[in-house]
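Here you go, one structure.
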Amino acid sequence: MATVIAFWVLAILSVVASIAMVVTKNPVRSALALVGTFICVAAFYILLSAQFIAAVQVIVYAGAIMVLFLFVIMLLNLGSPGALRERGSLQPIIATGLGICFLIALLLSGSLLSLPLPAGVRPAEYEPLGTVRAIGINLYDPNQPWLFPFEATSILLLVAVIGAIIMAKRKV
Amino acid sequence: MLSTSNLAMWIILLPFLGFLHNAFAGLIWKKNAKKVVSYVAPGVVLLAFGVALMVVMTELPNAHDHRLIGALIPGTSAATPWINLGGMRINFELLVDPLSLLMAMIVTGVGGLIHVYATGYMAEDPEQPRFFTYFNLFITMMLILVLGGNFLLMFVGWEGVGTCSYLLISFSYKQSENAKAGNKAFIVNRVGDLGFALGMMLIWSVFGTLSYFTNDGKGVLQLAGAGHAEGAHTALHAISVMGTPVSVAVLTTICVLLFVGAMGKSAQIPLWVWLPDAMAGPTPVSALIHAATMVTSGIVMVTRCSWLFSQAPQAMQLVGYIGLATAFVGATIGLVQNDIKRVLAFSTVSQLGYMFLACGVGNYTAGMFHVTTHAIFKALLFLGSGAVIHSMLGEQDMRKMGGLRKKIFKTWLVMWVGTYAIAGVPGLSGFFSKDEILHSALSSPGNGMFLYGVGLAIAFMTAFYMNRLMHKTFGVTAQFVDGELPHQHHSNFDDHDAHGHDDHAHGHDDAQGVGVVEGHGHSQVHESPASMMIPLYVLAALSVVFGAWAKMTGAFEKFLEPVAPHMVHGEAPITESMGYIISACVAIAGLTLAHVLYRQAKVMERGQLYPAETKTRWEKNPLHPYTFLLNKWWWDVIYNGIFLKIGGIFAILLWKVVDAGIINGTIEGLGWIVGGFSRLFRKLQTGYVRNYALAMLLGVLVLVLGVLGSWTIAAK
Amino acid sequence: MIFPEFVGGVHLPSLIPYIALAGMVGFILTILPGLIWIERVVIALMQDRSGPNRVGPRGLLQSTADVVKLFFKEDMIPQSADIKIYYLAPFLTVMCAFSAGAVLPLQTLTFRLANGDLQTFPLTVGDVNIGVLYILAISSLQVYGIVLAGWSSNNKYSLLGGLRASAQLISYELSMGLAILCVVMFAGTCQLDKIVDAQSGLPFGIPDGHTFIHEIFKGSIFSWFWLGTGIVPVIIYTIAMIAETNRSPFDLPEAESELIAGFHTEYSSMKFAMFFTAEYVSMLIVSGLNAALFWGGSLPPLNVLPFTLIPGFLWFIIKVMGGIFFFTWLRATYPRLRYDALMNLGWKRMLPLGLVWLFLLAVVSLGRGPAKSADNIPEKPVTASQQVQTNPNAVAHR
Amino acid sequence: MITTSHYLVLSAILFTIGVIGVLVKRNPIVIFMCVELMLNAANLSFIALGRHFGQVNGQMYVIFALAVAAAEVSVGLGIIVAIFRSKETINVDEVNLMKS
C-alpha cells in the first residue's frame, strides 16, 4: 500500500515538475524543476529496488549535471541578462499537438499497458540485484558483456573532459 | 625455443624496430637524436646480418638434405593468416631457402656497411634521423621482398622499396631537380609494378595461390618445379594445376609480365631511364639502393621464378636479349659521362643487364653470383666515389677533379680495387662472375657466339670507362684550386645557387691558371673519417677475395644449387680456362686503352682528351656519337616526345570533349534541374534547429503509426 | 546489553528507526546552541580572551539569547530577489544537512529473538545498503541551497560567494569520495554500520588467538580504518570535510573581507539562522561520518573495562565532539587560504594523492583476497541462464 | 498494485514532455535539459523492464546511459559557452548559420 501511495505521489510530482520545467520561462527555475524530476526518478528507482542506480542518479544527475547547468545559466546570465528571454510563435502549438499525438500513439500501441508486475520474478529474488555489490560483480564479470563497454565509457569520459576543457578555454 | 622461422622473422623485425625508433628519435632523445640514431640504425642492420648468419648456420645442413625439387625447407616458413577474403586466403609467410638467405645476407651485410658509412657521410646533415628512418625502412622492405613466402608479400616489399627509393632520391626535396628525379623513378617504376601486379593476378587465376610453396604441394613453384622435373625442358605443357595442364602461352605471359616488373625495378630497357637520375640522392642511397640491393630485386625475382621461366623459353630469350641490350646501351653511355656518380650509374645499368643475360641463358646461379659480387664492388665504388665527393666538398663533376691520388691516397687505393674488380682483372671477384656469365652465354645454343661477342665488347667498354673514371678523378692534373672549393654540401638547408653545374662559380680557375696551389697551409681536400673508410676497407677486401673463394671452393654454386639450378643446355665451343684467358685479355685491353689515352690527357689542357672547341662542335650535331652517347641515346627526349606529347594530346581530348562537353554538360544539366527544385524547396530550410526537430518528431510519429498499423494487420 | 524482541506485543526492532530519528533530531537541535557556545569558548581560550561571559553563568545562555534575537529580527527581502527561490534556498540547505544524518549508525543493538537467537540491529534511521552513497548524494545536493541562495539574492557578492562555494563543494567532493572509497574497499560494503563492524576485528589482520590480550585489542583504536587504510585517506577526508562545510581555513565562500558574507549576505533573521543551523549540522554530520568511517563509530578505543562501560552511542557522540573540537581548533589557528591555493590543493594535490592511494589500496586488497562479503547476496553473478527466459517481443505482441 | 505498465506509461509521459520541451524552447540550455529528461525517461523504463524480467541488464544500461549523459553534457555545455563567447547570444533562433 505504501508503495502505491508513494508511486502516485511521486508520479504526479515528477510530471508536474517536468511540465513546470518546460513551461517556466526562467531557466533557473527550469533547472530546479528538472532537479525535482530527477529526484523523483531516483525515488522510483528505489521503489524498483535499484538502490545503487538511485544513488548514482542523484549524485550524477542532480549533483553534477544539473549543477553544471546552473553554473552555465548563471555564467551566461551575467553577461547579457536579456539573452535567454523567450518569444512566442506557432511552433509551440504544433509541437505540443504532435507530442500529444505521439504519446497517444505510444499508449495505443498497447505494448506499454500489458506488463503486469511481477512477471514470474518474486521481488525477493530481485531485491539483491540493486546493491552496489551485485552491480559490481556483474559489471566485472568476464562472462557478461559489460566489461568492455565499461572500459570504453571511461575513455569516453576522459575524451569528454578534454573536449570540454578545450571548448571552454578562453584562449586556445 | 627459437625456431628458424622465428629467427628469420627477427631479420625483418630488427630493421623495422630501428625504423620505428628512428622515426620517433627526435621525440625520444630530443637533442641527442642524431647521435643515438647513428648508433641504432647501423646497429639493427648489423644485428640482422648476425641473425641471418645464424639462420644460415642452422639451415645450411638442412638445405642439402632437401636438395629436391624446389629445395624448400619444409616447415621453415612462418605462416600466419594475413588476408582472408572470401575464397582468398593469403598467409603472412616467410620462405627461408638459400636464395632468400643469400639475399638477406647481402642486404643486411652490405647494407650494414653502407649504414656505417652513412653515419659518417650524413653526420653534418640536420635531417640525419629522417635519412636513417628511410634507410632502415628500406632494409625492412627489401628483406620482406626477399624473405616473403608468396608473391603478394614480395609485392609488398617491391612497393615498399620503391617508396623508400622515392623518398631517398628526393631526400633533399628542397631542390626541385631531386624531387623531379624522385618522381621520375617512382612513375617509371609504376609501369613495371603494373606488370608485376598483372603477372601476380594471372598467377592467382591460373594457380589459385600466390604462395611459392604450400604444405599440400600446390604452391606455384612446387607445381612449376614438378613440371620441370617431369618433362625436363623438352616436354612443354608439363605444368598442371589440378590435373589441367597450363599452356605455354599463359606461362609465357606470366613470365613476361613478371619480367616487366623486373624491368622497372632493375632498370632494364625500356624502363631504365630513372636509374641515372636517381643519383640525385645522397651517395649512400645510390650505393645501397641503386647499386647493391634494390635494383637487383628484379634478378632475384626472376631467379625465384626460375622454375616458371624454364617452362617459357620465349620469355627467357626475351630476358636475355633485353639484358644484353641494356648492358650494351649502359656501357656505351658510360663511356662519355662526366659526372662521377652517373658513370657508376650507367655502369650499374650495364651490369644489371649482364645479370639478366645470365638469367636469360639459364644460368641463374651465375646471375646471382654476379649480383653478389656486384653488390660488393659496386657498393665499394659508390662509397668510394662518395668519399671523393665528400673530400671535394660536394663536387661531382669529374672535369673539376683530378690529381687526387696524393691527397686521398687511401680512397684511391680502395677505388682502384673496386675498378679492377668490376673491370674483370683476373683474380678479383668481378672477373669470375662476369666470366661465368660470358661462358654460359657462349654455351647458349644457336645465338651463343653473338651473345658472347657483345658481352665481350661490353666487358671491354666497362674496363675502359672505369679506368677513365679513375684517371679523370685521381690521375690527371688537378682541375681546381685547393682551398677555394665552394662548399656544396648536399644538405637541404644549404644555398644551392652554385650546385656544381655552373662553371662560373669557378672563375678563379681562369685567372690563376690550372694547377694545384699548395701554399695555402691547409688543404680543403681531406681523407674521409674512419666511419666512412672502414666499410670501404671491408668491401675492398671482400672484392678481392670473395670471387676467388666462391669460385675455388664452389661453395656458392653448391649453396644456391637447390633453388637455381643450372639450365644451360648447350656446350660451349671453348673450355673454361680458354674463356678465362679471353676475358682477362679483354679487361686488360680496356684498361690499357684508357690508361694510354688519359695519360696523354694528363698533359692536355683541363685534363680533357679533346679540346673544348671540338666537343662544342660535336655537340651541335645530334647524331654525332659523342653527343648521342652523352645524351643517353636521346632516350629521355624520345620518351618525352612520345609519351608526353601523345599523352598531352590525349589529355586535351579528354579535357575538351569528354570532361567539358559530356561530363560537365550532364552535371550542369543535373545542376539546373536540382537548382530548380532547390529554389522550390528552399523555403523549407529555415535554419532553425527546432523546426527540423519538429520534422523529426513528425517522422517518428509516422513510423510509430506505421508499426502500429502493421501490428494490427499482423494480428488479423 | 541484550534487549528482548517483543515488549508488551510491540516489535522492538521495527521501532529502531523512529527512536533513532527522534534521538538524532532532538540531539542535534539541543546541542546546536551548545555547539556555538563551545566554539566561542574554545576559541576564546585558545586566543587568550574571555569569550562569552554576560548572559547566564559563564555566558552559557549567550547562544539562547542569540537565537531569540534572530527569531525576532526583521526579515528583510531584497527588492529584486527571485522570491520563491530566495525562500526555497535555506530550506533546501537545512533539509539536505539534516537528511544526511539518517544513515549514521549510533550504536549496534542486540536483540534476543522470539526463537532465542541473537540478532543485532544498528541504531540508525535508515539502515540502507547504499549508506555511503546516500551521504554522498545528499551532500552533492547541498550545492543547490548555496547556489540558489547566491543567485536569487541578486547581489554580486552573493552570487560570487555561491559560485565559489559550489565550486569548492564539487572539487572537494571528489577527494572526499576517494577517501571514502578506500574505506569501502577495505570494508567490502557501503553500509555504514557494517563498516563500523568491519573495524571491530583485530588490527592489521592478526589472527584471533582468543587470549586476554587479543580480546583487549579487538575493535581497538588500532584496528580502526584511520590506521587500517594507511592514514592518508583519513587526512584527505578530514581536509575535504572541512572544505565541504565551508569552514575556516576554507571559508572562502563567506570571506568577509572580500564578499561581505558570501551567499547569505542578503539573508537575515530566521532564514539566516537556517543557513547557520545547516552549517553546524553539516559539521556534525561530516564529523559523524568521519567517526563511523575512520574512528570506529561506536566502538571503544580499547576493549577493557573503563571504556566498555560507556555505551556505544556515547562513544559515537564523543568522537563527533572530537571532530567539532578539531573544527574549532582549526578556525582558531589557521588563516584563510587564497582561492587559487584552495583549488590547487583540491585538484592538484589531494585528488592525485587520493587516486594513487586508492590504487595502492586496491593492490593491497587484491593481495588480501576478496573482501568478506557483508551483503547477503550470493558470490556468483546472476548469469543469463538464471534469468527469467521471457522474450520481451512476445509480450509486446500479445 | 503498481505494475510495470505504470512505470512505462509514466516514462512515456515524461519522454513526451521532454520532446515537446525540445521543440518549444529556444534556450539551448533548456533544450539540453529537456534532452536529459528524455534520457531519464528512457532510463526509468529500462529499470522498470529490468525489474520486470528480473535481470540486472536494465541497470547496466542505465549506468552507461548516465556516463554518456555526463560526457554529453560537459561537451554540450562547453559548446554552448563557446557559442556564447563568439556570438554574444545563445538564442537558437539567432544561431542559424545553416539557413541558406
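Every chain is named by a letter (A, B, C and D) in the order it is written, and numbering of its residues begins at 1.
In this text, a contact is a pair of C-beta atoms (placed from the backbone, for glycine too) under 8 Å apart; a residue touches a chain by one contact, two chains touch by 3 or more.
Since this is a predicted model, take the numbers as computed values, not measurements.
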{"item": "More contacts between chains, A-C or B-D", "value": "A-C"}
{"item": "Chain whose Cα centroid lies at the greatest distance from that of chain B", "value": "C"}
{"item": "Separation of mean Cα positions, chain D and chain C [Å, integer]", "value": "33"}
{"item": "Where chain B and chain D are represented by their mean Cα positions, the distance between them in whole Å", "value": "62"}
{"item": "Distance from chain C to chain A - Cα centre to Cα centre, in angstrom", "value": "27"}
{"item": "Centre distance in Å when chain B and chain C are each reduced to the mean of their C-alpha atoms", "value": "77"}
{"item": "Numbers and ranges of chain D residues touching at least 2 other chains", "value": "19, 23-26, 49, 53-56"}
{"item": "Shared-contact residues (touching 2 or more other chains) in chain A", "value": "52, 56, 64, 91, 95, 98-99, 102, 106, 114-115, 119-121, 129, 134, 138"}
{"item": "Junction residues of chain B, two or more chains touched", "value": "690, 694, 697, 711"}
{"item": "For the chain A and chain C complex, residues of the former touching the latter", "value": "26, 28-29, 32, 35, 42, 51-52, 54-56, 58-59, 62-64, 67, 70-71, 74, 78, 111, 114-115, 119-121, 128-129, 131-134, 137-138, 141, 143-144"}
{"item": "For the chain B and chain D complex, residues of the former touching the latter", "value": "682, 685-690, 693-694, 697"}
{"item": "For the chain A and chain D complex, residues of the former touching the latter", "value": "3-4, 7, 11, 14-15, 18-19, 21-22, 27, 30-31, 34, 37-38, 41, 44-45, 47-50, 52-53, 56-57, 60-61, 64-66, 68-69, 72-73, 75-76, 79-80, 83-84, 86-87, 91-92, 95-96, 98-100, 102-103, 106-107, 112-121, 125-126, 129-130, 134-135, 138-139, 146, 149-150, 153, 156-157, 159-161, 163-168, 170"}
{"item": "Chain D residues touching chain A - in the complex, by the definition given at the top", "value": "1-10, 12-14, 16-21, 23-27, 29-30, 32-34, 36-37, 40, 43-44, 47-56, 58-60, 62-64, 66-75, 77-82, 84-85, 88-91"}
{"item": "Contact set on chain C toward chain A in their complex", "value": "82, 84-85, 88, 128-130, 133-134, 136-138, 140-141, 143-144, 147-148, 151, 159, 163, 166, 170, 173, 189-190, 373, 375-379, 381-384, 388, 390, 395-398"}
